[in-house]
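After this come two complexes, each holding chain A, first together with chain B and then together with chain C.
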Partner chain A sequence: MTGLADLARIGLRWDPSGQAGLHGPLLALAGDCDRAFQHLASRWGASEEAYAMTLPASSLGGHLRSFPHQVTFAMALDPAEANLAGFADGTVLDRSGAVALTRTAPVTAVLTPAACYHVYAAHHGEQLTAATYVTTRNTCFRRESAYEPLRRQWTFTMREIVCLATADETASFLAQARAAVDQLAGLIDLPIDWAPATDPFFRPDRHPGHLLQRIQPVKHEAAYGGSPALASANLHHDHFGSAYAITRDGAPATTACLAFGVERWLHALVDRHGPDPDGWPDLVAAARQVVTR
Partner chain B sequence: MRSDTEIRAELRTFVRRHTGQVAVTDDTPLFTLRLLRSVHLPELIILLERLRGAPIDVEQLRIGDFDGIDAMVARFGRQP
Partner chain C sequence: MTGLADLARIGLRWDPSGQAGLHGPLLALAGDCDRAFQHLASRWGASEEAYAMTLPASSLGGHLRSFPHQVTFAMALDPAEANLAGFADGTVLDRSGAVALTRTAPVTAVLTPAACYHVYAAHHGEQLTAATYVTTRNTCFRRESAYEPLRRQWTFTMREIVCLATADETASFLAQARAAVDQLAGLIDLPIDWAPATDPFFRPDRHPGHLLQRIQPVKHEAAYGGSPALASANLHHDHFGSAYAITRDGAPATTACLAFGVERWLHALVDRHGPDPDGWPDLVAAARQVVTR
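Let's look at the complex of A and B:
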């Protein structure tokens, strides 16, 4: 296993709050990972789309009920002059480092929990006449009970390839997507295993989403050596198509996504190939090879 | 615990109530075809627990367990 000291020597600046800063070889490797995933996205002609770091809470009602323990809210002080003055003239921070808030403005935004959520909202009302593929990357935020450098973080980088299409087209996409990840992993000598998975729902025992994930193969995760998932392939059926009035051939679109957790790939690659950058595989060349096969 | 025949009859009533006019047989893959959806699962599990007279451990559920009345009777018709 690769320890924190090893990772620090090659460019990790770890904040125990669950956040990682990168520089040097690890930063370069993160860039290569993302470029490799972009190459995979070109397999479907996916369009690159970039989004803000927050989502309207009003678009995430279901997510907030399902994952309240993971959500990070974007909040601000009530802008009334007296309220701001009360804050600025107060203690500002208590001894533990917590902010001594005065009155807050209504919280209406959530820091992105999954990169693909932006895509469905952005394509609201579209009537698709062909399968549509989008790739996007975002910094995502998920609170956890404990954090581990590169493996389980509060903030992390997620690259996604999203398919908006018919049920048959999304099924083909997911099969191809998993095969592409397998090929990439094989070419860079990173053994991975796919397995059905469930999301960490709050109170899962009677949560419809959790129950569905247990009885239907809607989520699969690829793990390296028992580590947290490096990638997940997810079928949403027409959940987002119906919610955002996105149609494909007149019916609510089916959507699916392939998601990569970039920092987890860094950990797996260093664990597999060692901390010396000279021993790391050429990820971009491997991805190019996958696409041209 | 009810007999498999009684469980099957109750499940047919439940499925008919949620699928309306769609023709459904005991081997119709109800969730694969999206005739039943995730929102129906909690009520379906409570119904099965009542019919079999024993709780269902959600963490022991497997892919396919609910995909048809035949599958549900085979999986939950007899206490483990």
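Let's look at the complex of A and C:
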């Protein structure tokens, strides 16, 4: 088991708000992880796309209703001069260190909950004539009841490979994607297991989506030694294709994604191979050896 | 003048909330810009450090009072089950598309206003025996009254090179830093001009900091053809050294930073060299030719 002191020595600055600052060996390892995942993405010819930090709340009604406990909103003061003056002339901070807000502007932006959400919105209205692959990375925000360095964070780095295609093509992508993660994990001696999982719905017992996911799994997670998921493979059927009018051969596109939680890979790698960087595997070299299709 | 349609063709997806999505040539150019800035940072032996997305509001009282019009806060619902249930069972969104909030949790986190703020907090209490250089990149959030693609954004990428040292060492760093930016700009045929500037204080005429900055400039900005600043060179005297108990030879450290606004470089480069990527200069090669010291 790797402790916070070991992690600090190799470049973790843990922010108790639930965020990781990285430098030195851990920052280099995070870069190598992401390059390895990008290399896997290149096997499908995925194009790299970078997106905004927020999504419009107006597009996320269902998400807000299903995951209100996890969402972080971006919020600003009402910009009216008198309102800002009232804030600036006030205490600014209350005794507990929280912001002594005056009137706030309407909240219209949600800090990214999952990197791939941006992809569907950006490809709105497209009529795809071939399976389309995109890779993207973003900082995702998820409130939790408690945080653990690298394993469960308020903000974390998510790298995704997204497939927009027919149902058959996405099924084939997900099978290849899981096999590719298995090969990568084998090459770097990181034992992982895939298992069906459900999204962390609010009040799951009362959520129709949770029941559906238990009957017909659409999410599989790869874990290392009982850890939180290092990767997940997700099938959305035509949920996003229909919502964003994306078609493939005239029918709503099916979408699927393979998602990596970069900080969790750091924790697993250090747990498995120890805190000495000399003992760490070469992730990029391993990713180059992975065979897909 | 480069229009939005030209920029869209080379990889800009403009989000009218004031954010840029990038892919294709513009995304590659953004990567090259950042690598060029990292290369300049290496001339001072700067170590790369990555930080969280937010700062504790409790450490930013002065900033909140000076720039209340620019700040974006991270905000979540009060996690009490009944409060979340009230939200999830309600309309979630009002008719205008804004979030129909129930009770919110105390606001304790500010989305990063400037990348270097994290550096001072992270080096809290350090007793430096030599000039220390750090480079860091972050997504910064600044509310504005209006946004323009790549030139004035709510969220944008800031790369910084930070010097923590004696007053003489920081003065020498800032002179070298400005000369390095001039050389880089010359090598890529991007005419820039440096001019003294002030921070965008709220109610500047009534702000003592604004008056001080006009009397004794601590900020110089490099602009291309009347554009918003591509880079700024900033002297903080011992403001952060004293606030975070960072010493250099027993006295509070002086700090200074060179900051680059990556998206603004994209706009300037496309404006100067046209929207065809074949006409763009090689930024990394140019950065390798820059001579410092």
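In the analysis below, the second predicted complex is superposed on the first by the 290 of 293 C-alpha atoms of A that agree within 3 Å, B and C clash if a C-alpha of one lies under 4 Å from a C-alpha of the other, contacts with A are read in each partner's own complex, and residues count from 1 in each chain.
The rule is simple: contacts are C-beta pairs under 8 Å (C-beta built on N, C-alpha and C of every residue); 3 or more make two chains touch, one makes a residue touch a chain.
As the structure is a prediction and not an experimental result, all values here were calculated from the model.
When the two structures are aligned on the shared chain, A:196 is found in touch with chain B, with no touch to chain C. The partner that reaches more residues of chain A, of the two candidates chain B and chain C, is C. Applying the stated contact rule after C-alpha superposition, one finds that A:214 touches chain B and leaves chain C untouched.
Once the two complexes are overlaid on the shared chain, A:176 sits clear of chain B and of chain C alike. With both structures placed on the common chain, the touch criterion links A:38 to neither chain B nor chain C. Contacts of A:73 after superposition: chain C is touched, whereas chain B is not reached. By the touch criterion stated above, A:289 is placed in contact with neither chain B nor chain C. In the superposition on chain A, no chain A position is in contact with chain B in one complex as well as with chain C in the other.
Contact residues of chain C toward chain A in the complex are 13, 15, 17, 19-24, 27, 30, 47-54, 56-58, 61, 64-66, 68-69, 71-77, 79, 84-85, 87-88, 92-94, 96-99, 101, 106-111, 118, 122, 139, 141, 143, 145, 155, 202-203. Listing the residues of chain B that touch chain A in their complex gives 31-32, 34, 37-42, 45, 58-59, 61-67. Those residues of chain A that touch chain B in the shared complex are 196, 204-206, 208-212, 214-217, 237-238.
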